[in-house]
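As written, the chains take the letters A, B, C, D and E, and residue 1 is the first residue of each chain.
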Amino acid sequence: MLTLDNVSTGYDATNVLHGVSITAQPGELTVVLGANGSGKTTLFKTISGLMRVRAGSIDYEGRQLHRARPNAIVKAGIAHCPEGRHLFGKMSVEKNLRLGSYPHRNSSRTEEIYAEVLDMFPILKEKAKQPAGSLSGGQQQMVAIGRALMSDPSLLILDEPSMGLAPIIVEQVLESVAQINRNGIGVLLSEQNAKASLAIAHKGYVLAEGRIVLADEASRLLDNPEVQAAYLGL
Amino acid sequence: MSPMKNPRIIGTIAVIILLGLTPLAFAQENYTMRVITVGMCAAIAVYGLNIILGFTGQLNLAQGGFFGIGAYGVGLLTTDYDWSFWAAFVASVIGTAVIGYLCGLLALRTKDEYFAIFTMAIGFIIFLVISRWESVTHAHSGVNNVRFPEGGGIIDFESPVAMFYLVFAVLLVCVYTTYAIRRSSVGRTLLTIRTSEDLADAIGVRVGFSKQLAFAASAVFGGVGGGLYATVVGFIGPDSASIDKTFEFLMFILVGGMGTVAGPLLGSMIVTFLFELFQDFQAYRFIVLGPIIVALVIFAPRGIVGYLGGFVDKRNRRRRSAEARRSEHDESAPSDSAAAVGTNSEEKK
Amino acid sequence: MTLLEIRGLGKRFGGLDAVKDVSLDVEEGQITAVIGPNGAGKSTLFNLVHGFYRPTAGAISFKGEDITHSSPHRTVAGGIARTFQTTNLFDDSTLLENVLAGRIVRSKSNVFDAVFHTPRHRRESRINEDKAMEALEFCGVAEYRHDLASNVPQEVQKRTAVAMALATEPELLLLDEPAGGIPEEETVDFGNLIRSLPQQGVSVLLVEHKMTMIMGLADTILVLDHGQKLALGSPAEIQSNPDVIRAYLGSTAEEEN
Amino acid sequence: GGGGGSGEGDTVVIGYTGPLSGGGAAYGENVKIGLEMVIDDLNADGVEVDGNPVTLELKSLDDKYAPSTAASNAQRLADQDKAPVVVSPNAGAIKAIQQINSGRSNFLISAYTSDPAIMQADNPLTMMIPPNFESYADEFSETAMEHGGKKLALLGTESEYGQQWTKSIKDAWSEAGGKIGGDNSVDYATVSDFAGPVSKALSEKPDAIFVGGPSQPTALIMEEARKQGFKGSFLVMDQAKLDEMATVTKIDNLKNSVGVLPVSEYEDPGTKDFLKKFAEKAGEKKVPTSETALNYQGIAIIAKAMEVAGTTDDPEKIREAIGEALPEVDDKYKVNGFPDEITEQGHLLNPNLEATFLDEDGKYTKVPIEQVSDDK
Amino acid sequence: MRPTGPLPCLQRNRLIMTLFIQQLFNGLALGGVYCLAAIGLTLVFGVLRIPNLAHGALYMLGAYITYFFLTTVGVPYIAAIGIAAIALFVVGVGLERLVFHPLRNSPHTHHMIAAVGAMFFFQALAQAIWGADFRRMDTPITGGLQIFGAEISAQRIVIIVTAVIVLALLALFIKRSIHGQTIEAIEQDRVGASLVGINPSMVSMLTLGLSALLATIAAGLVAPINLLSPTMGDALNLKVFAIIILGGLGSLPGAIVGGFALAIAETMTATYISSAVGETVAFVVLVAVLAIKPNGLFTKAVQR
């Protein structure tokens, strides 16, 4: 279980997150909703160690992570597919993906997961030898998701995974996310398409200006009139 | 905001006035005058570096070479060919411009690290030519008795104070040019290239052409600095074109602040005096100076002017953006249809 | 009137036809959309039109003039502006400075004007500031003009990118996923901004994956797949085209209606 | 002599600017040791100017071999430390300093270079210490030809000084009827492996090779030449010292060479004591060179000239007094071919200049040298 | 005295041949020196993109420490190199921690100047400890070979062979091993690298340590054919940058070809044109090549 207790953090002098507390149950799909600039990306970056925690604590399966470095956090089982992808542009798609398995590089599961990823995004099979930087925007997004999966995580953080993807692929990706989750991997997701994401989630949080303003079962959020007005366009 | 209220401009003007007054205090101290005057010659070359590196973002490591071409142009023409200083000066500046332009033509085909090392090689070739082409440059024997500028019977440039003001005047032109460029669309053009060549391309900037001009201009400043240097010191050797000069210039600009108006001047003066200050430690001064250089780069990465300017900018920006927001909200009917969009999540709910 | 004419355009990368035999007319005063699966060649098409890439086949003309091999700065000067798929701003400059950068292509004054502070330079500076403010206001982000680009929310960045492109005074604006990263529910406002462009004399060529937005905006839609034309038509035609549904829209198509 | 008296009398600063870091540091250090030694000795003996006891003090600055830095340093020493004399050990630096030492600033340059170009500047305040190197060319050529043959290869260093030397050897050699191959000079300081240049020089099958730069790399070049089978003789430039070279290579590699006389071979009255003091100061292993010895002598001469002139702060008077001072210098300061005259231009001359030939048995044979005029 | 009359034609041809072969081997040996010196730099500049101008100073320090253990302490040659290599590894790690790590997000300019500062420091330090005098390091590897009348010493053969082997191993390491790829990954995207579990700080540290270690091995092998002095690294510094840029950044085969090509060009022009031209030729070749191929000879395959 991932627990954030009263976490605050930010850039420069100003805080962006103000005492955020959330939990993500193992194996569950947790979705974070919020308007542009509400702090979703910042929250994810804080969990994966890309940003320093200024106050509060983070605990994952009994381990204190709020002081840990990103590489230790990946090793602990949390993979982060970041906003902006951060691929290795000059390396081939295959190398990008294989570097994803770096924390467990000698594991026998690597080939298995690699095959699964290519199954999920068949186009990457064709592009395996191309530099990642020459792929189309959407294809790069697929590589980023695939790379995160390659670390065989127990919790996968996806920051707007469908950004830039064609509608049909969005559908597929959300389907895959649900599938990944059904396979027992916990997922922490932020997604533009609130309705579709709530539909596959167990639990949801609503973030506004760096504070959690709502937390509930996903199905209940779907029915919540406030949420409907703000995020579901109803 | 009127320029007169801008703390950066006030600061720059204060520095310049202070510098302009130094002869009052030090006219009798040849040593101090010499160090300052030589430092100003370097500062002129550093203003050149500021254009290509500070504004345009291209790490040009040939600047020491261009400085050397300017110096040797003046040195050789006034001695071996008996030209007047002014004619020699103009000729060598034009010469540097031509050589700079041609070098730029080749060098700018490369990018990033390749550009840096390419220009380093050019600088080094210039140095090797100067130090080996005995029949023309006298190689290591150097050029002796470089002529003083002719004062036309009005000014005697043999006086260190007169020489100081000559270099000072040229320096002023460089500072003002830098200021003018920075404020104009020319400066904006170069800055876009520094940030992203692709994006600059996308908004219609003539990237290649602009880089080319910036490179040539930077070489010209190098030549001007070198030409003055030759007459100030009277004797020049190949060391005036060496790669060490380039790294010295880089140090000056980095310590002063890249892409700023006052940075090159402040950096040149401060580092020059720092080096003189530590002279007493002789060979061991670099045990202290080395780490100081490293520390400056680490702790004031944007240089002294960048560091101070950062505060000013931030304060200004904060005040101005607050102002902007206030006025925007006061105006109840923003211009166009779509402009009424609330970008603020608050308003949307 | 046809503003942009693309004929038989092609671009190969190694063995791959990123764009192949694409023809398209972009009419003045219209919003033309290009959609298609990831990697269909949409961005490549933009890069070809804009002069970033050299086509390996075909021809492009703008206002009757051949621009097939024209370089980007010529294209921009000629009246075509663009934004990038991933937001691209000068991060450590303020928004105003960003948009002013868009004015460079229309500036005539040179270093000497700047140094001697000539009347031309003064006049131009004033005009540039005015136009930049105009563009910022038009895009609804004027209140952020003194903020650094890296410090403003994504949507403001996206709008600023449009403002910067508009500052070059284009007749045709190429927008590559301008609303990427903006939640679908919030794109309505952004859509309104784009819709108002043709009235300002700016025709639009648009790539976007947000179908609600595209269907509401576009006059004509070109669908690309594997670099080639899959369909061309009105939103209604496209939405019901079985090929497009299969290759691109998926089940969302039905859901929308 | 400014610098406030400290009870005992005035302190006079002897300025020194030389390469104390960078490629020339070893050379600059050698000069500095000589200066330190002579100032210690002079202070111990007591210097009295115009009835007042004077303490000498050495102030050294590093110029990394850069002429313009050297000139700044010299100016600083003259301005701030009121040094009436500034020592500089290389021709380029001296030329740069000559631009400023007479006129607004006045100070005497104690010039340690054997390049006569500095005498041609007609600078009234320059004292040149070592012999004009052009003097060596004739006798070197003659000796080498005698022990080797008529064909010479040029393999000197590419410094200004090396180039001048090469030129003068070239002239002398042809005049003596020898043949000269191509000029293979290389910059000793930047060459990573001497094998290439040596092979090239040897490909012309020379009977003699002209070498020289700093002692150690010169030794390496000679060693490489011997390794590649060269049997002829060497002409060794005065910058390299045969005894110092023997510390990095076997003496066998150095045999059959003509070069300047090692300090230890001089028979001046003060040489023995000087050697002893040097060993105490610098260690047994270090070889004393003329850089140290000649500057030791040089400052002793200037100190005496101050006494004779009765001033420590008028460089012109000090310069004028040098001629008169020479015979009065105490014997202990005569260590390395002590001069008995100073030319009008300011060159110290020893009438009995000698070089040396290191023969097959490893013995030094003296070779008398006739000095040439400094004018071109 | 040898006969000085005109040589028979045949004999002259043989002499010309011998000179050519001799210079070819001299060029190869010099190429070995360049390559060895370039190896560490290729890792740090070619792959991590840190223009470490202090590399020459590390090389110098490596030589002095080897000398110290060999001469002052008296351990055997190979062991002295080994100990010095370990010492320099620590120095390299320290350099990364204290200088390059704080600058990880800064542009090249900063790295360069900081490296110059570090170089000044190391040189001054070496002079303070060992003095300015030249030192000579002895080697137990003596003797040599005669090939077609050309003399080549055993030490130089060791240099050539070591250079090629080490560079080839390194190329293999970068291409094949996951550790090699981590270095590349860090250069391309630091954030991405930490997200896949790489510790960029650790890798940078190890890389700099490794580069200093390799510089020491180079110095230990090369120093015996020349002299030790605090500035001994200067002569190599610029040339080594030219070499790895010429080959193409990050391309190790490029570094090998570049090193040998420049060295042979240098020796040959010095032989057949003049030594002044020989000195310049490395840089002229660099400028000419980059003017035609702006990304170097062997641009990495993936850069396309």
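By definition in this document, contacts are C-beta pairs under 8 Å (C-beta built on N, C-alpha and C of every residue); 3 or more make two chains touch, one makes a residue touch a chain.
No experiment lies behind these values; they were computed from the predicted model shown.
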Checklist entry - Minimal path length between subunit A and subunit E through chains that touch? => result 1
Item to check | Most widely separated chain from subunit A, with each centre as the mean of CA atoms | outcome: D
Item to check | Euclidean distance of C-alpha centroids - subunit B vs subunit E, Å | outcome: 33
Next on the checklist: For subunit D versus subunit E, what separation do you get between their C-alpha means, in angstrom?
Outcome noted: 35
Checklist outcome for this item: Between the Cα centroids of subunit B and subunit D the separation in whole angstrom comes to 40
Checklist outcome for this item: Whole-angstrom distance, CA centroid of subunit C to CA centroid of subunit E, is 50
Checklist entry - Mind pulling the subunit A residues that touch 2 or more other chains? => result 35-37, 134, 230
Item to check | For subunit D, residues that touch 2 or more chains besides their own | outcome: 20-21, 25, 158
Checklist entry - Tell me, which residues of subunit E touch at least two other chains? => result 123-124, 127, 132, 276, 279, 304
Next on the checklist: Quick check on the complex: what are the subunit C residues that touch subunit A?
Outcome noted: 13, 35-40, 42-43, 85-86, 153-155, 177, 180-186, 209, 211, 247-253
Next on the checklist: Taking the touch rule as given, give the residues of subunit D at its contact with subunit B in the complex, in rising order.
Outcome noted: 20-21, 25, 60-62, 65-68, 71-73, 75-76, 78-80, 91-92, 95-96, 98-100, 104-105, 117, 121, 158-161, 163-164
Checklist entry - For the complex, which residues does subunit B have touching subunit C? => result 176-177, 180-181, 183-189, 191-192, 195-196, 198-207, 217, 316-317, 320-321, 323-325, 328-329, 334-343, 348
Item to check | Residues on subunit B engaged by subunit E in the complex (per definition of touch) | outcome: 53, 59, 106, 109-114, 116-118, 120-122, 124-125, 128-129, 132, 243, 247, 250-251, 254, 258, 283-287, 289-294, 297-298, 301
Checklist outcome for this item: So, in the complex, the side of subunit B touching subunit D is made of residues 29-32, 34-35, 38, 132, 134, 139-142, 144-145, 160, 233-237, 239-240, 276, 279-280, 282-283, 285-286
